[in-house]
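What follows is chain A paired twice: with chain B in the first complex and chain C in the second.
Moving on to the complex of A and B:
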């Protein structure tokens, strides 16, 4: 396999995605969950731009990447607001402690 | 030379991601996250996607960092990060399997196509993907309204529980 810049970015995306997914699986702190989601989405944004570059349609890749960035930011904002409320109400940020549904 | 620059930037981003994940203090992890965003946006810029690089840098390293610091100032820098529910070797196996499958699926379709003419982002965004723009506007509006509702303080005497 030739080691071109696009190949290096491909392996970088894989590494970043792997670290983010591993963090998502082992993290129980609610704020850290939001953070590792951010890492995952950064890998996805990079993959979209790389895909656009490879397929010769960088404009489309950029457009979808911009949409993903906006959606991810909304997810982060709502997730952090939920974390603040969970901390106020339950006194903890441990996701396994807040799995009780109450009416 | 380009290879070395890309490799340094991406290895730096992966190291920052690892440090953000294992860091005990969430404030340190937040700063590492801003570092990842800066490095990734540099890579995106070098790939030729200038507009997305600027959006990623301003939103990822700016807005999200400010939001995280604000959330930490409200809840406190809780160093508590209890052990994971899933065992770490099991998580490693799941990640390795996922990366292998996704990598194989992507790499078998790897075919570089030379760009035919210059297609600017504004044309794609406002002509081909105009629905995305409207969805983004709706999402931003609903996100702001949702956050205002979530962060609003309860009035005294109001329990917040829904009566049955």
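Moving on to the complex of A and C:
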């Protein structure tokens, strides 16, 4: 395998995304879910920059990446606030015990 | 200008719905005020829309280049039905101010009612299949949620579910027909189906036509889907008056009237429509003769009267169907709201526990009897003119046996209407009730509807002129009110029908004792001639089917994410497969 900088970044994206996805599937603690989501989004930010580089629109990729970083911060804040509320209402942060949507 | 009016007539009720919801249940007076204000405003706008009626699209919505512009067309059919739904809607909302005064969760109630009024206006003004389908489904959703409004009552929840599932059968029929029409004409516009109907192969056109007939039968509670309407009577009475008598159940008749010119050449379609109307009119009238629940009697009578309209379309008279639709909306809303006032005063729907209420509520008695006489079809009330017109058209354009059966239906209508009025107001008092007087808002809306029941037939000429002017494909004749009055008064069918009506009343007079003393419910009639089990089977199998998929709803976050990722992979696979 030829390790050009682009290749390295690509595998970085794939690796981060895989870690994030795996984490989302197995994590039970709501705080950890928020953290894992952050990892997932970091993979996406990296992918945007990579996409910009490959398509020749580096500026566009970077500006979208910057936007995603801002939005993602808000997502994290709201997610943590929700976690606090969940803890208050249900008395637990374990997502497997919060199943009021069960059919 | 007309485009803005269309936006307003849909948007005002929807804005009102949002505001009622925002006003919150802690402020019921504000909620009543907002609901009345916005529904009356929508009613006024719908009347202004009459002067802008045309067959041209007035509002274009750019959606996607593939589908072309989506339009709203305020033609005669659309404008008249908008006026019916918005004006009767505002009267029902006004009535609710008194009827619902002690209810909790008014926000949910008014939100759904106003959401429904806006969607109904949208449905009849839409000029394309996509919007018709959207609004059609919104009305079904509101109907379901309002039937189950008292969601701690298992009967109300079951009735709502049944209505939702049965009307969805119609929704699937509409979707099937619309998709086949889209594939064959290449356009979502309703007008494209009219102009290209001759080029569509006849067998394909007949599939569209019969799909739409299924849609109409399910929505308008016609044979064989009529059993959801009586069960829908668990809804608050103003909702029964508005949705299950005056507006939503008209959507099926509207659909048949709208597409009549495209489907009329399909062999057997007109006969099928006529038969559906005939069977519904007759069987529902029979069932109404034995029911003891006041609202169920009215529900069966609604099915029966809708059957008259469907029959009128089947014999080719769209004008007569629309005229009866207008009359029926007014007098049936009047009957339902009067019944609501009675139920609100004495707290029961069982007619065997009423009787002798005449002296205690004279105002309600008067309005109820005005509605009952219009339902029987006695001059000079609006029901007389429109029903006679349908019977006259049936005599001219359908086989004699069909006309005779419809005439029999008119006699049965007189029988059960007289029975209903007798059981409620006259005879001896069979149970003691604490009667409290009707409120001012109730009296205003009942008074206005009574006035409408006396005078609405005068607009026949205007309605006919409007329809013939703005529906180029229907090719309707122009007639003035005076022409119709002269034609009906000189026709032998009118006098024959009047004789049958008096005969029906007379027969009840002789058996009136039996209707209370020796009353035994009839098993055959109670099960809707066995169709109750067919409809019940549809409902049960849909529920069993959804039970199977219940296991996918674990409520677990990890499983849900697994589902999302799986679906994403599936979409990517399909895209990759399509690209290669």
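Definition applied: the second predicted complex is superposed on the first by the 99 of 103 C-alpha atoms of A that agree within 3 Å, B and C clash if a C-alpha of one lies under 4 Å from a C-alpha of the other, contacts with A are read in each partner's own complex, and residues count from 1 in each chain.
The rule is simple: a residue touches a chain if its C-beta (ideal position, glycine included) is under 8 Å from a C-beta of that chain, and two chains touch if they have at least 3 such contacts.
Model, not experiment: these values are computed from the prediction.
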Partner chain in contact with A:37 - chain B first, chain C second, else both or neither: neither
Partner chain in contact with A:53 - chain B first, chain C second, else both or neither: first
First (chain B), second (chain C), both or neither touched by A:19: first
Dominant toucher of chain A (residue count), chain B or chain C: B
Touching partner for A:98 - first (chain B), second (chain C), both, neither: second
Chain B and chain C contact sites that coincide on chain A, given as residue numbers: 21, 25-28, 96, 102-103
Residue ranges of chain A in contact with chain C within the complex: 21, 24-28, 33, 95-96, 98-103
Parts of chain A lying in touch with chain B, wherever the complex brings them together: 3-6, 8-12, 14-23, 25-29, 31-32, 34-36, 38-39, 42, 45-46, 49-50, 52-67, 69-71, 73-74, 76-78, 80-85, 87, 89, 92-94, 96, 102-103
Contact set on chain C toward chain A in their complex: 549-558, 561-562, 565
Chain B residues within the chain A interface of the complex: 2-3, 6-7, 9-11, 13-14, 17-18, 20-21, 26, 29-30, 33, 36-37, 40, 43-44, 47-49, 51-52, 55-56, 59-60, 63-64, 67-68, 70-72, 74-75, 78, 80-86, 88, 91-92, 94-96, 98-99, 102-103, 106-107, 110-116, 119-121, 123-125, 128-129, 132, 135-136, 139-140, 142-143, 146-147, 150-151, 160-162, 164
